[in-house]
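Chain IDs A, B and C follow the sequence of writing; residue 1 opens each chain.
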Amino acid sequence: MKSISRNIRKVSMATVGAGLLVGLTAATALAADPNGADTIKEDPTKAVNYSWTLICAFLVFFMQAGFALVEAGLARTKNTVNILSKNFMDFCIGGLAFFAFGFGLMFGGSALAPGLEIGNPIVGLSGFFLTGDAYDVGTNELWIFQMVFAATAATIVSGAMGERTKITSYMAYSFLISAIIYPIYGHWAWGGGWLATLPFGVGAKDFAGSGVVHAVGGLVALVGAWMVGPRLGKFGPDGKPRIIPGHNLAYVVLGTFILFFGWFGFNPGSTLAATDLRISVIATNTFLAGVTGAVVTMYYSLMRTGKADIGLACNGALAGLVAITAPCAYVAPWASVVIGALSSFVLLGSLWFVENMLKVDDPVGAVSVHGANGLFGLLCVGIFADGTYGGVSGLIAGNVDQLIAQLISMAAVTVWALGAGYAIFALIKATMGLRVSREEEITGLDITEHGVNAYPPDEVVVADGVPVSTPVGSARGVALV
Amino acid sequence: MKSISRNIRKVSMATVGAGLLVGLTAATALAADPNGADTIKEDPTKAVNYSWTLICAFLVFFMQAGFALVEAGLARTKNTVNILSKNFMDFCIGGLAFFAFGFGLMFGGSALAPGLEIGNPIVGLSGFFLTGDAYDVGTNELWIFQMVFAATAATIVSGAMGERTKITSYMAYSFLISAIIYPIYGHWAWGGGWLATLPFGVGAKDFAGSGVVHAVGGLVALVGAWMVGPRLGKFGPDGKPRIIPGHNLAYVVLGTFILFFGWFGFNPGSTLAATDLRISVIATNTFLAGVTGAVVTMYYSLMRTGKADIGLACNGALAGLVAITAPCAYVAPWASVVIGALSSFVLLGSLWFVENMLKVDDPVGAVSVHGANGLFGLLCVGIFADGTYGGVSGLIAGNVDQLIAQLISMAAVTVWALGAGYAIFALIKATMGLRVSREEEITGLDITEHGVNAYPPDEVVVADGVPVSTPVGSARGVALV
Amino acid sequence: MKSISRNIRKVSMATVGAGLLVGLTAATALAADPNGADTIKEDPTKAVNYSWTLICAFLVFFMQAGFALVEAGLARTKNTVNILSKNFMDFCIGGLAFFAFGFGLMFGGSALAPGLEIGNPIVGLSGFFLTGDAYDVGTNELWIFQMVFAATAATIVSGAMGERTKITSYMAYSFLISAIIYPIYGHWAWGGGWLATLPFGVGAKDFAGSGVVHAVGGLVALVGAWMVGPRLGKFGPDGKPRIIPGHNLAYVVLGTFILFFGWFGFNPGSTLAATDLRISVIATNTFLAGVTGAVVTMYYSLMRTGKADIGLACNGALAGLVAITAPCAYVAPWASVVIGALSSFVLLGSLWFVENMLKVDDPVGAVSVHGANGLFGLLCVGIFADGTYGGVSGLIAGNVDQLIAQLISMAAVTVWALGAGYAIFALIKATMGLRVSREEEITGLDITEHGVNAYPPDEVVVADGVPVSTPVGSARGVALV
């Protein structure tokens, strides 16, 4: 970390220099306004648009808590602190990585705000560290909104690799996905890159990130879960998967509620403007796809097993939410119900395929929820877009072109996320190692990696006639100072 | 469910046809604008008003998590998954029911937005499925806000019927309350119906739904809890109630915090406009009534028992919040303190009455918190409205008329909610049955209805020398695909 | 409590009378507008500014849940209900205290809104009970935002005094800090008092309350924890501190996520205006300081012990958030990273100092997170303010003056919070007593003060052949009516 930090300035200067050679995109540079007084004078609607965008960003931030709870609930007690730590640290480390590198690689050349002038269709090359002209209210508004999206992509992976991955390796991964993997595809789709300007339809469209956030996260999760290998005992000697239940379904349900709540920031907020009143339709669509995903999945489980599987229904809701994320602005409410219903079958099919065909152990279903349905969401734009918004028309509006752009985008994200994911996990495996030892895994990662239990009993040791302490670990680190 | 879905289109067409015969309300039809560009051009303040309304709707949505936690905390461990599942599924199913039927029955004829032109003072008859002219940004804005209110009413019932009601029956109930019961009274009060135009005061007033949401939910809960019967062992052979403690008070407190948080969307958001600056007074009133309800209840418990009963204090806060919901816009801050204090006694009296006189078993106190205080809130409008807002003046402003309108509204909601509640539960009881068997209830609904425990222990079964699985159930449904 | 309530009116009248003698501040009185129609007509930007401020206030309110969870997680099982009750009741009681006394003492004389005309540089003397001209939309907007800040300061103390303080005494403390201690220093800094007009720099600056909220809360917590004494067994016979682990790390992480989420209301909301576009930079700065605090602390724990201490990392995030709270509007993003990194060392140093030098037992680290870093945040304004906003320039902009104002402010808050904190705890100790008995502490406060367990087992007692009840306590108070 230290050498990285020391070299950050040098690297960013070098990158900018390289960018100048590779090619410039933006023509006019906007003047930086770190105070905001000039910006609001020029355009008074910025007040409501900043307010909207920031509050939505805060809601998206809160999704981190939802991911943490869902993943902790689906983990065993002995790995609870570990999965919570990963979920907490990935947005922290990812935040710094996106500040230093990711944002510049993603939005450089987009000219969406001051300081983002340099870049080319493949990669952005300006805006690093939010310095220079990027110290501007508009650039910072864009940054905080994009930051919480990057953090969402990063945190999807933790659950799929849960219960056996080293925390230090996971933290290194967090840095790399937020600094490099997420931003590059993000640049192609949202930062002025080549996908947005494809000569089919209006170019590939991904309104709020089924592809940019969820497919990237879910596909990197697939690579990670495959490379770290299944948990001990997950597959029997006959290769058949066994069920390993998580330790707290209340966390799973609460986490899903939080994720659903945050999604209302994720999708409607992606207009970056409240003056765009389509936000109300987007909110409705988001709601309908999510609830339909849950209802279809729940009745499927009831019909199939006679039991109401709430864990699966939660994943059904999330599947619907992921699938509607790309098309949410382009489709009508009825189509959201259809998309939500279909997302449930995409989820169920993918869960079966990943576990039984690929023999990959994904303890939380992240690959199916985010990866499969992320791709499906990109596809839905090409099918269900009705032409009422942004000029995007899909099959139901009699237009085939848009579907082609979407298919190219799906191919691009698949190749990039699997390839780049493989590269970083191979790098980490070769240097730090990915997986804890067999003994550590059996003991549980909480004790071996963190020195604590998630739920220490009140008292075990008696001192001076008073019960005071447990023999193992500490819930806080005072003693170590 | 399937036949219902199949017939939805037919039914809605038939209903619209009937509506044309029964009578039309609205004169001019608004033009539908699914894109929003025309709407914002006509009225630029829509940006801040949509933004405000949507964010408040998101906060109200999050109250679902609060209800789930409060009810799960007050349930026993063995029924935790069940109560969480009910809270999760009721907003999902209710959402689809409100999309298909409820919204049209409630707001048809209100002419509040495009596509809502047809209806009469008794029932709305347009806007079903958000199709046609209802595919409009304004109609969708209204829909999402009203949707989360409908979901709140629906979820109030789950706790009162907790720990003994079949999940499939509860899901059928969710559909019916959101499709029919909630919308009909809602139409009378908010959708252009007869209560709003009563010739007393300015007509019956219920600013944010003490009556529409809470009294409806609480009174249907009373019918439901009575019809499903008390939990085994709740009443002794002498008819005296016994205490059956819930399993997690931390959930109860966290859930109450979430509900209080969401109430700031519920009440101030009900202006549907940030240009109406009364929102600040509404927020203050909401806060003050809630905290006063908690403080009075807490000191009552301390004086009466010497113990600080936090579960009761949480219900005290909720009682204050429910009571202020109708009058929140019409009263001054000092009156909110008075209303909050009185709500505590309404709560305590009702808890005693329901359990000892009616012999109804309401494990969470929903009937008293939402039903009794919902009615009390309607009454408070007629007493404490000071005339500073909306022309609503109550007794303290020397006006008796408004009180008459409020009393009529209280009578209407009581008759409707008890009657319609009885009808749907009788229907469900006759067809699907309401209650699990004695054996299932003793075992707990988590195992019998869901096949899982809420908190599975880490390991019980050892395979290939590695501990892998518990013998009972799964925290997710991968295996069932 | 009763006599207090009875005398409230009298006291407030007397105080206003005294104020008139002491000296008036404000010149022109604004006209009260309880309806809001005149206010919006005069200034249409109020819509977006009220909307922004209120939603941010709601987010800050939600931080109460975060504090409750962090503190409950760091407490032992046997004291869980107690710490949750304190966190719940302090904002309720503090809310009423701030309504009655605090707001008037803090903002009287500020003339920030109608009804706040009377006051002097030492103390405010108008606005009590929000009556008279203070029944105004602007005054209520200010009130609700300031109220949730006051509640934050109050709740900081509960954790530091956790696991041994009587609940009734804690509730008395809640009243006094919100009625008197918090508002007086608040008046000096934000309510038109002497600190804001110091003849150094632009006067002492504390943008969102590192000093007003966190240093006050953290320093009162230090006094409280010192006066109530350490928990039994915390220090061995040799005076060395022992670790007493909390009972649920998942609560700690979830609580920290909620606090971080709420901080986005705390800091950016403190502009009280969305027309001030600096809000985007403030959000970015808040995020960066928080994540850097976590990352530095986490890697410190890894290097020092080989274990990843998530509890400490959570406190690291909070330390960064506290430290950035005062300077958040005045500094550039890069400086936020530096401040966040330094805050981690302030935290670690203070944790060591409080426990090993002062021998004070602070179970949650509140003194170090809020007290030490609150002071540090005030200091950072004088160092890192870059002059781009509000005319505030620190050392890095070549200005020493501002640093002097900040040092005076740090001295003032230290003297006031320690002194006034000592006075109220001495008063409570002398009258009601502060601490539970040795026996009660060993048994746990949940049973002795609340008569319940946090997590009652499902069944112990069998009646009529059906298991129904636990022998101890109730999760709700129905039976006591």
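As a convention for this text, contacts are C-beta pairs under 8 Å (C-beta built on N, C-alpha and C of every residue); 3 or more make two chains touch, one makes a residue touch a chain.
Values in this document were obtained by computation on a predicted structure and should not be read as measured data.
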Turning chain B onto chain C by a C-alpha fit takes a rotation, in degrees to the nearest 5, of 120
Does the chain A and chain B pair touch with the same residues on each side or with different residues, judged by whether over half of the numbers are shared? different
Cα centroid separation between chain A and chain B, in whole Å? 33
Shared-contact residues (touching 2 or more other chains) in chain A: 48, 51, 55, 248
Touching chain C in the complex, chain A uses residues 1, 34-37, 39-40, 44, 46-48, 50-51, 54-55, 57-58, 61-62, 64-65, 68-69, 72, 80-81, 84-85, 87-89, 91-93, 95-96, 99, 129-131, 135, 137-138, 140-141, 143-144, 147, 167-168, 171, 248, 251, 449-459, 463-464, 466-470, 473-481
Could you pull out which chain B residues touch chain C in their complex? 45, 48-49, 51-52, 55, 59, 73-74, 76-78, 232-234, 236-237, 241-250, 252-254, 256-258, 260-261, 264-265, 268, 273-281, 283-284, 287-288, 290-292, 294-295, 298-299, 301-302, 304-305, 307-315, 317, 332-334, 337, 348-349, 351-352, 355, 364-365, 388-389, 442, 444
